[in-house]
Amino acid sequence: MDILLQQIINGLVQGSVYALVALGYTMVYGILGLINFAHGEVVMVGAMVALASIQVLLATALAPVLVFLLSIIVAVAACMALGYGIERIAYRPLRHAPRLAPLITAIGVSIVLQTLAMMIWGREYHSFPQLLHNGSHNIGGAIITEVQIAIVVIAILVMLGLMLLVHRTRLGRAMRAVAENQTAASLMGVNINSVISVTFMLGSALAAVAGIMVSANYGIVHYYMGFMLGLKAFTAAVLGGIGNLRGAMLGGVLLGLIESLGAGYIGPLTGGILGSNYQDAFAFFVLIAVLIFRPSGLLGERVSERA
Amino acid sequence: MRKIIEYKQIVTTIALGVLLAILPFVTDALLGRGWVRILDFALLYTMLALGLNIVVGYAGLLDLGYVAFFAVGAYTYALLASPQLGLHLPFWIILPIGSLIAGIFGALLGAPTLKLRGDYLAIVTLGFGEIIRIFLNNLNAPVNITNGAQGISQIDPIRIANFSFSRTHEIFGLAFPSVHLYFYLFLALTLLVIFVSARLQDSRIGRAWMAIREDEVAAEAMGINTRNIKLLAFVMGASFGGVAGGLFAGFQGFVSPESFSLMESIMILCMVVLGGMGNIGGVVLGGVLLVVLPEALRNGAGPLQQWLLGRTPVDPESLRMLLFGIALIVVMLWRPAGLWPSGVRRRELEAVDGIAQQEQDTVYDAEH
Amino acid sequence: MTPNTSPYLLELSGVGKHFGGLSALAGVSLHIRQGEIYGLIGPNGAGKTTLFNILTGLYQLDAGSFSFAGRAYTRCKPHLLAQAGIARTFQNIRLFANMSALENIMVGRHLRTRTGLWGALTRNATARAEERAVAERAHELLRYVGINRPAQTLAKNLSYGEQRRLEIARALATDPKLLALDEPAAGMNATETGSLKKLLQTIRASGITILLIEHDVKLIMDLCDRVAVLNYGQKIAEDIPQEIRRNPAVITAYLGGNPA
């Protein structure tokens, strides 16, 4: 019982990160029906670029807070450009190709990004400097750091901002229209290509923020960090109902909690047969179980075939 | 006209047969024995790709965790023919058992999940692949079954009725080293898998699979029991994977969870899609290319840079991965339907109708 | 299984279907006689395709039941209804685009044939004979519906009218007792509609009952023995075409106040 609160806190923090990344997957899927395999690497690039710019800026006399903020801006900008580039080069030409073709290019992009990162930044783990005061607080026996609080708060703010954008602005309306029916939307004067590009850039911006959060939380940056994270986030998006924004957020947070609680309690639950090293498998188990009973995910719409 | 085509086909087949028969020796002489081993792996992965082709290419089921069945087959073989459990059952028993168990896993996974929509099925199969890998990696405590990350080694090499494939044999005065023997064994089995695939493709079941791939709702409305037929594709694919897995274990003498990662599943999928989904020739091409090319890149990247730049700034392994990723992107952009898609085969068939077809088309164009 | 003693091949009793709060069908009761051509008309959104989807198992009904060929159904999977003898075409043409015209029809023969895994692998005499029979029947049906293109032409490369006819051929391949056609004349000009009418009459003459959703009023009036009119998910009339034309409720709801 004493670890419950700690596990919940950890789960919420991790879940916030998953949610941010899952949103990127779900937005792209909603509009293009495409699983953007390269998304996880964009997270990694965000972290790497932030680190690089921090290192550059620290050499100047700027205050740490400013360094941090500027680095975030640089990372977000870089990832938005990257997201835009990926869509233009690897996905747009294949918009009318067989469904699996963009999946393969996505895999190719993922490999290229990972390898480039490895070539540029090496295989080592880099430490992400602690720029801001990171005190920890004790809540009922569990510890939460200020970075972690910031992560959850920022994630909530970002998600609220995204919901506002999608539901209250003209752009958001265009995005939803394109997700519903591309042809009809274009006939109504919506510039499909622009909307798609913006969607990718938005998702990439969120990914960059997520990447920085993860690095700040764990203090390390590594060229391979995007892969597993991307996979889990995609799982979270599917769990919540792919194509559904609220689903992605719910899925992300839930997955974080499930993993955390699972890691903590798998041992006692299975009488010591399975340990926390089965944590990753546990998340997938839950996913399969949920989908069997709710085939469209938790918040996914029942797709009724209009024949 | 038809006689000429048939004659051409016979000659081509014989020529191909001769080429394949001498291939190990030629490769050995020109490139060294290591390359014959690479060809053996190419055949194994081609078998895998053909198995996945049934699932993805014919039935249109996106499986991102196919390597799980490869792993099940391999580990079954390893457990039944190594010091791990102290069992040393003969080849002709354990290979079918591995295939059967892989098929059972396929049924277990497929039964509750094949009803899911395409991309949901994709993530579920991916998850399954990961679950298998994680279990293989951790089933060394409390009871040591899989020996965890260290894997199982000293697996009995393949032996059929006292003919051991791990030794050099002299046949007709010619020395056949182990890798050559495995080549012929794998070639024979690959041809068998190709045969089975071809038979399935042009059959009632094959058509049902393709109907489901094209439009599942319409297929079901036409009376096809989609659930059972999809399950059949899935289980068949799984059992082929199991066979390849068993062969892999016997061949390599060693299995570990590392060989059965998500990247492997993705690689096999790339072989199918890149080669030409649904087309046997394309899938074989994809399988061979995606094994041979990375190896060629790995061996050539260093010397190539040396020759071009006078030094080796980029680690060959990274360069290989980078070029591979770029190749995936470039090939799909250039040929979205794959290098050798099934449409090409169809157009070749249509060409036999020739002139009559042309006349039809012109009349049609004039009318519309 | 008791033989069908009722003159009705298909009877719907109080069939209802709702999607969330929206009632797509409510209390629909229809009676379709064996061997007749029965039309189903109504404004868009009246529930006609929903009805089709229920009859072919794509949707499950929420209320009522229907009986087909003497058997009652409340919930049923599509392939079982096809096996029982209901075949359909789709409003938006759902052919197997990347398969040839011939193969599309051959898929229709699936449920009446039996070659399984063993037959596929061994190609024994039974399997070969069945395959030949399937191909022959498919060629026949191709000609029967009037498609003059090579059998190997991919379905997606056929003209619109040919695709519509191919869908009918595919449905016929299942040896149905009831052929349910969803707007088969949509997008056709007068000539094409004329030849479609002849085709449907030939099909009916061969003993197959036809259920037809259509907006082409002239086709309905010329072709159908009886017509039912749906509006907002409810049946507002079921009668011979001449009476339907004069029915005030129908005129208001559908024909727009102008008796044709």
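Observations on the model:
Chains here go by letter, A, B and C, matching the order in which they are written, and residues are numbered from 1 within each.
Quick note on the criterion: a contact is a pair of C-beta atoms (placed from the backbone, for glycine too) under 8 Å apart; a residue touches a chain by one contact, two chains touch by 3 or more.
Being a predicted model, the structure only gives us computed values, none of them experimental.
Distance from chain A peaks, on a Cα-centroid basis, for C.
Chain B has the Cα centre that lies closest to the mean of all protein Cα atoms in view.
In whole angstrom, the spacing between the mean C-alpha positions of chain A and chain B is 33.
Chain C has its Cα centroid 47 Å from the Cα centroid of chain A. Separation between the centroids of chain B and chain C, computed from CA atoms only, is 42 Å. Of all residues in chain A, those that touch two or more other chains are 305, 307. For chain C, residues that reach two or more other chains under the stated contact definition are 56, 58, 90, 94.
Chain contacts: chain B has residues 217, 221 touching two or more partner chains. Taken in their complex, chain A has these residues touching chain B: 29, 33, 35, 89-90, 93-94, 97-105, 107-112, 114-116, 118-119, 231, 234-235, 238, 242, 272-275, 277-278, 280-281, 284-285, 287-288, 291-292, 295-297, 303, 305, 307. For chain C in complex with chain B, the residues that touch the partner chain are 56-58, 77-79, 82-83, 87-88, 90, 94-100, 103, 106-108, 110-113, 115-117, 119-121, 123, 127, 130-131, 134, 148-150, 152-154, 159, 170-171, 174. Touching chain A in their complex are the following residues of chain B: 56, 62, 112-113, 115-120, 122-124, 126-128, 130-131, 134-135, 137-138, 141-142, 217, 221, 262, 266, 269-270, 273-274, 277, 314-315, 318, 321-322, 324-329, 332-333, 336-337. Contact residues on chain B toward chain C in their complex (touch as defined above): 196, 199-200, 203-208, 210-211, 214-215, 217-226, 232, 343, 346, 349-350, 353, 356-357, 360, 364, 368.
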